[in-house]
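Same chain, two partners: subunit A is paired with subunit B first, then with subunit C.
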Partner chain A sequence: MTMTDDTTGVLGQRLLRREDPALLTGEARYTSDLPIPGALHLAVLRSPYARARIVSVDTSAAASMPGVTAVFSGADLADTWAGPMPCAWPVTEDMKSPTHYPLAVGQANYVGDGVACVLANSATAARDALDAIEVEYEPLEAVIDLEDALSDRVVIHDEIGTNRSYTWDLKIEESEGQVDQAFADAAYSVKERYIQQRLIPAAMEPRAVAAIPQPFGGDMTLYSATQVPHILKVMTALTLGIPEHQLRVVAPAVGGGFGSKLNVYAEELLCVALAKRTGSPVRWTETRSEGNQATIHGRGQIQDIELAADSDGRLTAVRVRLIGDMGAYLQLVTPGVPLLGAFLYAGVYELPKAYDFSCTSVFTNMTPTDAYRGAGRPEATYAIERAMDALAAEIGIDPLELRRRNFIPTASYPYEAMTGLVYDSGDHDRAATLAAEMIDYAGVRARQETQNVPGATKRLGIGVSTYFEMCGLAPSRVLASLNYGAGGWEAATVRVLPTNKIQVVTGTAPHGQGHETAWSMIVAEKMGVSPDDVDVLHSDTAIAPLGLDTYGSRSLSVGGVAIAIACDKVIDKAKQIAAHQLEANPDDLEFSGGEFRVAGSPDRAMPLAAVAFEAFTAHNLPDGLEPNLEAHTTYDPPNFSWPFGTHMCLVEVDTETGQVDVLKYVAVDDCGNQVNPLIVDGQVHGGVVQGLAQALYEEAVYDADGNLQTSTLAEYLVPAASDVPAIDTGHTITPSPTNQLGVKGIGEAGTIASTPAVINAIVDALSGLGVRDVKMPASPNTVWRAINEAQGGQQ
Partner chain B sequence: MEITVTINGKSHTADVEPRTLLVQFIREQVGLTGTNIGCDTSSCGACSVHVDGEAAKSCTLLAVQADGSSITTIEGMASADGTLHPMQQAFMENHGLQCGYCTPGMVMAATSLLAENPNPTEEEVRIGLEGNLCRCTGYHNIVQSVLACAKS
Partner chain C sequence: MIPAAFDYVRAGSAAEAIQLIGQYGDEAKFLAGGHSLVPAMKLRLAQPTVLVDIGRVSDLSYIRDGGDHIAIGALTRHMDVEKSPVLAEHVPLLAHAAGHVGDPQVRHRGTIGGSLAHADPASDLPATTLALGATYVAEGPNGTREIAAADFYQGYFTSALAPDEMLTEIRVPKMGGAGWSFQKFNRRAQDWAIVGVAAWQRGSECGVGLVNMASTPVLASSVAAAIAGGASAAEAAEAAASEADPQADLNASVEYRVHLAKVLTRRALEAAGG
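Moving on, here comes the complex of A and B:
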């Protein structure tokens, strides 16, 4: 793919990643790879009960085990915390949040809730000692079902007296009365219930932490496998009462996150607290089984969605009621996840201001949920895209045709949506047309006529999904209106060194996204240098003190744009120096290809390298100008970015076994201008497979007592290469008008679009058998049951 | 127990606890941390190494079982002059990695796969790598990397 006409050069090239050699050779260091002499190893004893009173904790036997330094119960550490574990998103004034400490005191509330911990001179000694801690539990009835939780039949947390955390309504004044009227007047309507099963993020690198104190100097360094070193620093300082300026947080190589490392975890706080207490470094590395229980889960919603449409099938109203599963406690942004979806339940469709959204979120005795790739937006897209198929079936028209009738027209952009948010740019018909060509939509429909005949056991299905990814979190004032506890800006510093090498300091925190490569390309384009001459510094608060980190597909459209703006500032300053040297007016200078030239006098020129050296020596600068070429920017985006696209999935379903084979998958994504299409495609591939995995394979399964049945990777089915198809990617390019690079995010698009595409395809294949819906994950057993039920058979 | 293991051409003699896994020995006692640990059920393959020339998940072996064997880890794949192994090069050129955590194990498994089957089909590559999990790439470019390496 190429860039738009107005940019040439390095942007848009498929540049290979500079990150790769270190990662490919084992040279890269993840947190658990760091050599830390004298470190004590932390191990955490976790509740085997979903809900139990902690009657007593006897640590004496464990404390006398070989190699053990200390053993602590939750009560032992109660005076350590300046405050409880942080939740940064109190979505309503009256939101209920149970007190949550790194180790439970009095009552454990999910299987995996920390109850006690050990420090020892090796990881194995620490784990061995866990077995010697004697905890007397009084098991209590656990609450697993969301509607059961809503009933308050059993109240999990006595202190808040209810399982309801909050009810949040999206209030749209103009919608008052409109929604009911639209449903009363509707030519067609559908009312559907969808279940978003719980998912386990399962980044390949388990979480790991190391806290290194300087007992005499007073400083503390926290290494963590985190997506959010900057947020972690602020929250750790607040929770532990450590002066923030004495805390340094470093995220070394980080092996994937997908939202699961967008958090402040008990083990991070425990390591810092115990390092402070003992004066020794303290480290901890999660085991996978531990992680499945004690790292956040994703999704977990019951969605009721109703669509009203006129006689042409054009949407006239949407009503949504959600129940959100918070799990046992609120983690960093747990309550906000359903809100991020609230704005997307009309998809890419024109909808009058007739929208009614309400979400009630409840506590359950399961692992806390939080942001998982897409965070609220995959759920919303799933609901509207499944419901559009239901509406198409109700009307009796092709689902792609129904979508085309409802697409927001390209000429309407920027488009003020029913929620008041303004979508920046879009061209939905173009993306849908390209996807339809790539998968031969018409040809597939023709094949279905001959293949899906009565009695056929291999049925062909095609699923369509269109989407908006509301990303680039986020304009700080919009976050304020949602009661989020921080802003959405990003920081950047660009520094030209005396030898014309360039350092870029970014507040983004990559963990697989290739920021070092991509950011060097932005600087190369702006400054007229080779990307090889640009170094990108990040993920260490001593080097990059300001930032809001990487999540929500924000890094390019906020952090990357910040870098471009900082480059502009550097160029402005360099222009003054060059003008002074060339005895010209700065306004007469042009900058391109790394050189300043006097307009109309091509022989009067000065390369950036010479300017950089002049700025360094400061021997002959214009009066009042400070030495050195460096600029800092903090950029608060004026809008979200709104990538969009159309995905299509072709499946064959074996009606005798319920087996689903994905024959072809087409992803057409429009993320505006692409900095590096190689990386864009990689993001799409991975995202698609993660969403497809929700559709076909993954579910965090709990039994009625709250025991996690999928606590290892042997039980939780992260798909392997043999379980997934190749992904055909295509792109349209509709630049964002809200930033100078014309870019939008791409990190979550694949995950947002693919889940409904896959399920729509399966239901399409089986519609001739009377199947209207298939639950996720659509395992052979589930699909077979859906067919059997539709055919009137026994379940 | 005392064991002697050759790793990347260098002999290591050490005392190990009988319960020490090979991956723990490689990482903690030899200090080669390129071999990663991604699970505790031998499901993910992040710890794949070559034991006497064949790919093995180093969490499925005790260190004592590796006594006398010759092991190659990811650190032993590139040449001393810094030239990447053709499989590493193929992963780089085809964007076969993102976060990199599964990558060492993936490279070890893939080289072993091509040693057994130098010209695999796409499906054979997918099946051949089913013991190695990746969460970032959706496998698309990993498969392309292995096919490209087979061709070169």
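Moving on, here comes the complex of A and C:
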């Protein structure tokens, strides 16, 4: 490790998470658990139509129901908003974005779009009153199919005159026409279309909001089950015209997000606006069906990918055309999601500067999409990894061998990719070799020879997926070049208290990741104290005023590194105090095991505890030095972090029923140095299950009229523990050279790698029957149909 | 997920329950384990104004040897059916099928009577008791009557019970050592079956019930006839869908359901082992 040499050996230990006892015993307080005397309950009436003109809203009957305080239509609140709902990522100058308010005015644009709302003295009274609101709708034709949307046959939003939001290109070629030439010269090429179905994030804790106004002075506290308290504060201030310094945002215990809580939602703005208006606290908790309809969806892309290769199978060009499904409106970072994938369509492979990417994003009459675990990168990895298998089949070589021929060589790191981004470090062959050993790749290939014989009804398949997770969002200047509306830095404060206990204030906003455990380990390692002596403060803008929150696998490689830097600053200051006390030159002091020692005179030493107390009493500090031991840092990373790895999946497919049985799953992930391998394994397990869920189970299904068919968890199939295989995790460690901890992110790796590994395994199992592709989710019915179609039989 | 307002009364006996249901009339409903009724109420698909809770009528929770049959009280929980040594010995198919209902939480709350009375063709126990030739006992204001399982199911969530009638007992003939198999095909372990097959066989005699293949549970009598006529399992299974009328849903097309019924029936008969 490139830590200071004061290693006490905390880093790298499988410490149990300090967060878990409270979470597991129910002691943790989520937003809905907060006791708020006198709170009014908000309920939102949602459009039952995917697209309808709102002719009239009659709230009078509802307003007179018992317990009801007020009822509002969208029109009633139209003058409440200082601006429309925010989108922070205008990816192109000419991007089109329909005006979007917390409650629709004039026209509802998806099933679940808020149309009116009730405030009442109980959640039950508010819910009952919804049934008494009379809305006259004039149903309009809905647009569900992406290509149909692109045709502008029916234009959803009159105000922008088209369903096309933007077209964004990333064309990189050394000389004009090089991509076309590469395809013309290719010894082999493939052209594939993949569909990224819409997914529903389904975090364990539904969204919940409570806004509490101060009776005097106009201050407002907003509690929300959010991943982004800091971003939410800025955006709420802007949207509602509340002075930012009068707004405090708190994210109490938050039960998962996966991107779905990386947003600014209508209900957050409604609670604040109505709390301001009524002077009473206003709270709201989402029901599961509301969550399925009105919390963002993930994925939703049509991908056309073409690969060109030379006679050895080495890639010579990649061309990608995407259609992105934005849903009815742009939410916080909706339009940027496809861009995050744009840099990864060559995967971990060497590609000359012959790359052509274009994405056109369209509006539809469905729930808005936005970032969902991996955001653009799982989609990209799926496309390249499926296409690599198609190319291997075309050439007639083993898919693992094709990948090995194309891996970026370890010796070329740091590697400048065709896009101009620099990949920090990697060793793809080592990860692939380890995964192949763990799953007995050669042995499986031999078993296939005997098992997958003509007439066999249980066929064995193995799928390979290699990946990069471009994460640690992000260097602020790179974000600027992508038109993103904020930076990518993270803030940290480290404060040594008089009794040598340490407070860390972080701008990250954990919602299940275990930051309190991990951050305390970093500080313990740096400062030579026990992790138990470190408290981590976060997710309250009154305590942690600066931060950019948790998403994009950024918290450790940006926020954790910020903490390490703040520790260094504290140690520097403490050293001056210790040197003064020991009558030594600061440069002659060494710090290890929580103690300053004069080099060469082991008996002249001063523990950090004594320094902390000196800093507190300030009785005898060096001239000019301020009292107390505290340091603040804002760290802007010089690069993304580039975790990588190889996943392999072994399946058995029952060709009679189409049932896929995952027999074994191997994940080899390299996220550089590991602060806590237990947490790393947890992130990999959860990520793999989420990716496997996309491959096998989950899809937000709409009918032709835009009704969500999967509005409860009975229809939207989130797999349970009994439905997923044991996951064998393996790791290689290639430290990142760009930060002092040598760390990279791991939050999204599992989701990025696993989906193509599973589908590649299914197609591998069925390739002998002529199957070339299987749609996601590969339900038994879908697999059975794919076999029948390949066999030229019935559907 | 907030149900419409309703009143709640608790019955201490079957007689009291029937009296209460009569008293409150059409909009009242029995509440047993609540695992079908309460989810429907939360989505406001069901809006009864009164719930008559029969969950604590403990003298209707039993499993007794009735000589040629086993008698099961309507309020017996799925878990008790699954774990019953009496059923394991005499009607193992039913005990096994009960072990495939939902997940352990569902099985600890849900009752066999609630499952049958709810008449969901996708549920496991209606088709299983149908295949076994069970008889249900209902009690109403005018006394007690017996209804053959084959006459009980009339359509989606519709049974032969009158609104003021309560299911009190299920009588299942002893299987007498017949081979059996329960084939439940679903995507997640806790789900209802996409298609399910409950089958027993003793020589050329067999019973096959199909789950989720029509608006009611289906007795596949053509399969039984084929087996009686000497057909092999594979041959007989070709007739599996003859009495069925399946619908498409998110998990399966009609063609796929028919195909699955055949595959699963063949597998069930092979396992029941003729």
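Going forward, the second predicted complex is superposed on the first by the 783 of 795 C-alpha atoms of A that agree within 3 Å, B and C clash if a C-alpha of one lies under 4 Å from a C-alpha of the other, contacts with A are read in each partner's own complex, and residues count from 1 in each chain.
In the analysis below, contacts are C-beta pairs under 8 Å (C-beta built on N, C-alpha and C of every residue); 3 or more make two chains touch, one makes a residue touch a chain.
This structure is a prediction, so every number in the text was calculated from the model and none was measured.
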Quiz item: Touching A:G514 in the superposition: subunit B (first), subunit C (second), both, neither?
Solution: first
Practice problem: Pick one for A:N781: touches subunit B only (first), subunit C only (second), both, or neither. | Solution: second
Quiz item: So, does A:R288 touch the first partner subunit B, the second partner subunit C, both, or neither?
Solution: both
Exercise. Could you say whether A:R127 touches subunit B, subunit C, both of them, or neither, answering first, second, both or neither?
Key: second
Practice problem: Answer with first, second, both or neither: which of subunit B and subunit C does A:A253 touch in the superposed model? | Solution: first
Quiz prompt | Superposition-derived comparison: subunit B or subunit C, residues of subunit A touched | solution = B
Quiz item: Is A:Q709 touching the first partner subunit B, the second partner subunit C, both, or neither of them?
Solution: second
Exercise. Considering only touches as defined above, state whether A:E401 meets subunit B (first), subunit C (second), both or neither.
Key: neither
Quiz item: Is A:D33 touching the first partner subunit B, the second partner subunit C, both, or neither of them?
Solution: first
Exercise. Applying the touch criterion given at the start, work out whether A:A720 contacts subunit B, subunit C, both or neither, answering first, second, both or neither.
Key: both
Exercise. Go through subunit A and flag every residue that touches subunit B in one model and subunit C in the other.
Key: 124, 287-289, 712, 714, 720, 722-723
Exercise. Report the residues of subunit B in contact with subunit A in the complex, numbered from low to high.
Key: 17, 19, 27, 31-41, 43-44, 46, 73-75, 77-78, 84, 88, 91-93, 95, 97-104, 107, 122-123, 125-127, 129-143
Exercise. Please name which positions on subunit A make contact with subunit C in the complex.
Key: 123-124, 127-128, 287-289, 656-659, 697, 701, 709-710, 712, 714-715, 717, 719-720, 722-723, 779-781, 784-785, 794-795
Exercise. Could you pull out which subunit C residues touch subunit A in their complex?
Key: 1-2, 4-5, 43, 103, 185, 187-191, 194, 250-253, 255-256, 259-260, 263
Quiz prompt | subunit B-touching residues of subunit A, taken from the complex the two chains share | solution = 16-17, 19-30, 32-33, 35, 124, 202-206, 253-256, 258, 285, 287-289, 511-514, 678-679, 681-682, 685-690, 712-714, 718, 720-724, 726-727, 750
